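What follows is a set of structures to go through.
Look at the two complexes coming up: subunit A is in both, with subunit B in one and subunit C in the other.
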Partner chain A sequence: MTAPSVWLRAFEAVTPLGDTWAATAAALAAGKSAVAPIAAFDCAGFPSTVACEIAAPWAKVADRRRAIALHAAERAWQAAALTAAPERIGVFVGAESGRAEFATVRALALAAGSGPAFDHGAFARFAPALAARFDAGVASPAAVAASIAGRVGALGPCETFSLACASSSAAIVEAVRALRGGECDVAVCGGVGADVDPLMLTGFGLLGMLSSRGASCPFDIRRDGMVVGEGAAFFVLAIERGPAMVEMAGVGRSLDAGHLTAPDPQGAGAVRAMRAALADAGEVSVDCVQAHGTSTPLNDGIEIAALRQVLGEAAEQAYVSSVKGALGHWIAGAGAIGLCCAVHAVVAAEVLPTAGLRDVAPECKARHVVGTAVRAPIRTALANAFAFGGANSCVVVRSAA
Partner chain B sequence: MLTTPPRLRKMASRAAELSVAACQRAVLDAGLSAGQCADAGCFLGVGASGGAFEEFEPFLAASAPDGQFDPEALASRGLQLLNPLYAFQLMNNFALCHAAIACGLQGPNGAYFSRGSGTVHAVRAAAAAVAEGLCPLALAGGADSALHPVTRAELARDGEASEPLGEGAAWLVLGRDGMAEQPLAWLMEAQVVVDARLAEEAERWVARFDPDCVVVAAWSAVASAALRRGLGATLAIETLTRWGNCLAGLPALALCVALDAAVKAGLSRVLVLSAGVDGDLGVCLLHRSRP
Partner chain C sequence: MSVAVVGWGLRTALGSDADAALSALLRGETAARPPRSFDGTDYRAQLVAEIDGDPAPSRHARYLRRLALLGCEVAQAALRQSGVATGDRLGLFAAVGGLRVHWQELMGPMAQQRADASDCWQRGLRGLHPHWLLRHLSNNAHALLAADIHARGDGATLAGATAGAQAIAAASRALNAGAIDAALIVAYDRLLEPETLVDLGQRGLPAMVGLQSWVGPYAGNAGGMIPGEAAAALVLVREAEAPLCWVQARATADGELSEPAGSTLAAAAAPLARGIAVVDGAARGVPTLDSAERIALGSVVDGNAALLATAAGLGQTGAAAAVVQTIVLALVLRSGMLPPIACVDVPAVGPLRPVVTPTPTAATAALGLCSGAPGLAAAVRVDVEKPR
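Now for the complex of A and B:
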């Protein structure tokens, strides 16, 4: 039996360049970038002092993840204007753990004896008093999906994917799979990233992943690392075609099984995921690729080489861009905002540019969109998400026209 | 006794260490070749316990000299005290990725988080991936540790810390029907019931499947008691009291117990029920012989 098609009925995003996708797309099309000095905390002396932050007052709450995610998911749900039995509505979210206040974590460390060995006795005496300082919603990745399910009245499958930079793409892939398999009729899916905080900047900085120049310039010869960003993007998918924006034509996943942070040198894992998504879509090529494009020295060149392996000569014709030049790397939300750009290319016949890209590196040669957006009819688009740890997830969308 | 290479210990959370050890043994036990591993899917229920506190504590102390976070202190002193690979210990998906790297698993994948049913989501997704032909076989399981200060405080807040806390990991190898000459069992059902009334749901699933035995993997005595109320006179095996609350690891260990009940005790139908803080119920049904 052939699986039913899955249709995109609406999507929305909140980004450092706008509270809506429309505002964001307009800014992106004009070549704007949100990379700026970090305002949330004093970061002098940190490995990186820039990021792409959401400045809206409503986002300045203890759990930014949930606030940002709900903002985007609710608007997407309203825009879709769909009705379905609660049991037939699924929620699929890519999210990582939130973080407790630094002082709370420190207090816990002290309660545990503050030494090399964990003092369980001391901890048992002190921890109960500290427990109340933890809001379940702040720390649990699953709290985001649960909040969205509650807000849209969903009682169908409710799943959370913690797969680093591929989290939200994996959530979208699983939503498509669940719809095809009849587990639900409607799915709210996407993801959120909110990692502009001292602990994550410390962690990524010590690993040498952040741009020391403070610039996100995917595929550029000057690229030296990523810039962390934050935001959320959510999609409403349905089995019923209705006034569909695009068809969710193909999905694919793979693991590098090679290295924790570096991509496979031959891009083998990325190749497998892209090929799986194209095969699933019944396509051999695409008109446009929203690349993972992190602005790190290793990723970008290998991704372009992998694209050439997958698309062959057609790689010369496919437009390539990466939204991370303008919005930074959203980690768990990266796949979702990338898919927004891919969908936009098909729906608006406009391929958004890679901000920060000026001089394309020799190993990154492709049909890049530089400066401002390119107007062109786009029938199919591929969105890539490749995670730390080697998990790869790809989505192909196709015009519903 | 689990022995971990020093480099892995620098990069891996406790859950990831356990995940690697269990995955390697599952691959060995199933006799999988490197080629079979390369084609295999990989689906894991994960937790968020993060890295070793004893490594983190000096960084915290230097970064919060007066008990309050001081960004300048972090930048000038804290950074030098942190293991550069510590961030790897904080990433939830690394329990999956370390295992994939150790065993060469390259197929479709997913790391599922839920306080109670993420592991059953993983098993369901693995079974679906095999059934849909995305991969000829898939490894699925759960890995977690509750022996972490932040996790323990969170469980205390939710009234779930009164039980013994534990840690554990287990992986199952799922393949297409006919792939193995003597499969241990057939996975007949794997699903998650959202927002479940535990006793009523337990009763419903027992009535539906008429199992010979139910393996209960609840995070608390309260949830366990609720499930067991719904089981009536059906034979039940409790996992919480044996291993403590291993969080995402517990449903995976419960599946191992269910396999033992089927293979060694010769029970025909074994049901696994898992429940955690989030209120969902995970349901898996194993058949000893081909249905």
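Now for the complex of A and C:
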């Protein structure tokens, strides 16, 4: 039996460039970038001191991850204006674990003793007073999906993908499969990244992943690392076509089975995921690629080489861009904001540019969109997400016209 | 749609493998004890279910903690048992509870910090181990195991208290979509971390008495849950001639801050409940939660269905629960004997029939339920004859 088509009925995003996708897209089209000195905490001495932060007052809350996610998911749900029985609504979210605020972590660590040994007795006596700041409602990776399920009244499948930079793309893949398989009729899917905090920036910095120049410039000869960003993007998918924005035409995932941090040097895992998504869509090429494009020296070149392997000569014709130049790397939310750009290309006939890209590196040659957006009819678009640990996830969207 | 299980591996507090766990459950044993690996005197949780022993020495120990290493061990065992081919058509799906703080590594870098994080780099964060993030990576075990076993097909890391059920569901979809030919699922979790014990305690869930006084789930005076730890693995394929069992899973959520409503557990169970006469309950051991669960389940399964509580023996195993239940329930059904609920003599009155003595059964299917905060519920259906 042929699987039913899956349609995108609405989507929404909250980003450092706007509280809505419309505002964000306008800023991206004009070539704006949100990369700026970190305001959230004192980052003096850090390997990188810039990020892409959401400055809106409503986002200045202790549980920033969930606040950002709900902001986008609820608006996407409202825009879709769909109704379905609770058990026929699924929720699929890409999110990493939440974290207590720095002050809470500090207080708990101090309570456990200042020496090398963790004092369970002291911790057990002190920590209950602060439990609401680090309980499962805050820290569980599934708290975002559960909150969204509660808000939209969903009692269908509810799943959380913690797959580093491929988390939200993997969640979207799963939503498509659950809809095709008849497990639900409607699905809310997407992801959130909220990693502009001292501990995560330390972790990324110590691994040498961050741009010491303080610039996100995917595919550029000057690229020297990523800039961390934050935001959320959510999609409402349905089996019923209705006033569909695009068709969720193809999905594919793969594993490199290689290194913990570096991609397969030949891009073999990326190739398999892209080929799987294209085959699933019944396409051999696409008009536009929203690349993972992290601005790290190794990844960008490997992704372009993989793209050439997959598309062959057609790679010369496909527009390529990466939103990370403007919005930074959202980690768990990266695949979702990338898909926003891919959908925008198809729906608005406008390919958004790669901010920060000026001098294309020799190993990154492609039909890049530089400066401002390019107006062009786009029938199909591919959105890539490639993660630490060698997890790859790709989605192909196709015009519903 | 059910998929076939052709390999498994299990490590719980009730023994070093699946057969040992079944034998202990049939004897009505519980692994509940006061903590042995740390001083738990001041935690509200007075009983826990800890795995005896440590993983074998591994080069992955610099990145992975104890339960993840045990997860890799049971995954390798499951893969060997299954004999499936590795490579591009083998998928890998991991189920993890979530990131823990790793206090031991943080205490030094946090010792001189100010609450407002001013000058936090110089005050200690620069001293964090360069691999801190890799140890903290949610998919680190997934990545290292994929490399070890050459799993290059589809895969993901699912997270949260119902991650085991989520992973089974995701792997089943990938199999049924034709994306892969076989899927290895590895699930591990430990509910004995300091912040987890405090969180459970604040929600009034764990057993706060000694073993002699503790009464198991589904009794009117049930004495709370037993936080535990486990590592479990399954190998799934679409079809097999004589598999170990067939499995199907559903995870859902309702947005509650603590445990899900009973109706949410029923919503997870409902799509899988056809013809079910044996249920392994979520077994929280809190009378109000147990009662709500039984009433809700009574609307989706036969009100006279046998009610088990393997978590009373094994402890609550969080993200690993659904995978643990798949293995244990398959063995229970194959043994033809239902294990009694540990430490329960007289169950509370209500729908379903709590099993308090070893009871013969001819059932070929069972339903396992699990839950956790925030508002997460899941069900797994296990069949030892091919479901129609």
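FYI, the second predicted complex is superposed on the first by the 370 of 401 C-alpha atoms of A that agree within 3 Å, B and C clash if a C-alpha of one lies under 4 Å from a C-alpha of the other, contacts with A are read in each partner's own complex, and residues count from 1 in each chain.
Quick note on the criterion: a contact is a pair of C-beta atoms (placed from the backbone, for glycine too) under 8 Å apart; a residue touches a chain by one contact, two chains touch by 3 or more.
It should be emphasised that the depicted structure is a prediction, and the values quoted were computed from it without experimental measurement.
Engineer: Look at A:Ser147 in the shared chain and tell me whether it touches subunit B only, subunit C only, both, or neither; answer first, second, both or neither.
Structural biologist: The second partner, subunit C, only.
Engineer: Is A:Ala355 touching anything from subunit B or subunit C once the two structures are fitted on A? First, second, both or neither.
Structural biologist: A:Ala355 sits against neither subunit B nor subunit C.
Engineer: After superposition on the shared chain, which partner residues are touched by A:Ala111: those of subunit B (first), subunit C (second), both, or neither?
Structural biologist: Touch partner of A:Ala111: subunit B, not subunit C.
Engineer: Let me test your reading of the model: by the given contact rule, A:Ala244 touches which partner, first (subunit B), second (subunit C), both or neither?
Structural biologist: Touch status of A:Ala244: no partner.
Engineer: If we overlay the two complexes on their shared chain A, which of subunit B and subunit C does A:Ala27 touch? Say first, second, both or neither.
Structural biologist: Once the two structures are laid over each other on A, A:Ala27 reaches no partner at all.
Engineer: In the overlay, answer first, second, both or neither for which of subunit B and subunit C A:Gly269 touches.
Structural biologist: It touches subunit B and subunit C both.
Engineer: First (subunit B), second (subunit C), both or neither: which does A:Cys158 touch?
Structural biologist: It touches subunit B and subunit C both.
Engineer: For A:Arg125, decide between first (touching subunit B), second (touching subunit C), both and neither.
Structural biologist: In the superposed model, A:Arg125 contacts subunit C only, not subunit B.
Engineer: Per the definitions at the top, what is the overlap between the subunit A residues touching subunit B and those touching subunit C?
Structural biologist: Common interface on subunit A, subunit B vs subunit C: 41-46, 95-97, 102-103, 105-110, 112, 114-116, 118, 123, 127-128, 131-132, 134, 136, 139-142, 146, 149, 155-164, 170, 174, 177, 181, 198-200, 202-204, 206-207, 252-260, 269, 272, 276, 387-391.
Engineer: For a test of understanding, state which residues of subunit C touch subunit A in their complex under the given definition.
Structural biologist: The touching residues are 1, 38-44, 63, 88, 91-92, 96-99, 101, 103-104, 106-108, 110-111, 113-122, 125-126, 128-134, 136-140, 142-144, 146-147, 149-163, 166, 169-170, 173-174, 176-177, 179, 194-195, 197-199, 201-203, 250-258, 264, 267, 270-271, 372-376.
Engineer: Show which residues of subunit B lie in contact with subunit A when the two form their complex.
Structural biologist: 11, 38, 42, 46, 48, 50, 53-54, 56-57, 60-61, 63-64, 67-69, 71-72, 74-76, 78-79, 82, 84-88, 90-94, 96-98, 100-101, 103-115, 118, 121, 125, 128, 132, 134, 147, 149-150, 152-154, 156-158, 192, 194-195, 277-278, 280
Engineer: Quick check: in the complex, which residue numbers of subunit A touch subunit B?
Structural biologist: Against subunit B, subunit A makes touches at 41-47, 95-97, 100-103, 105-112, 114-118, 123, 127-128, 130-132, 134, 136, 139-142, 146, 149, 155-164, 167, 170, 174, 177, 181, 198-200, 202-207, 252-260, 269, 272, 276, 387-391.
Engineer: So in the complex, which bits of subunit A are touching subunit C?
Structural biologist: 3, 41-46, 86-87, 91, 95-97, 102-103, 105-110, 112-116, 118, 120-121, 123-125, 127-128, 131-132, 134-137, 139-143, 145-151, 154-164, 166, 170, 174, 177-178, 180-181, 183, 198-200, 202-204, 206-207, 252-261, 268-269, 272, 276, 387-391
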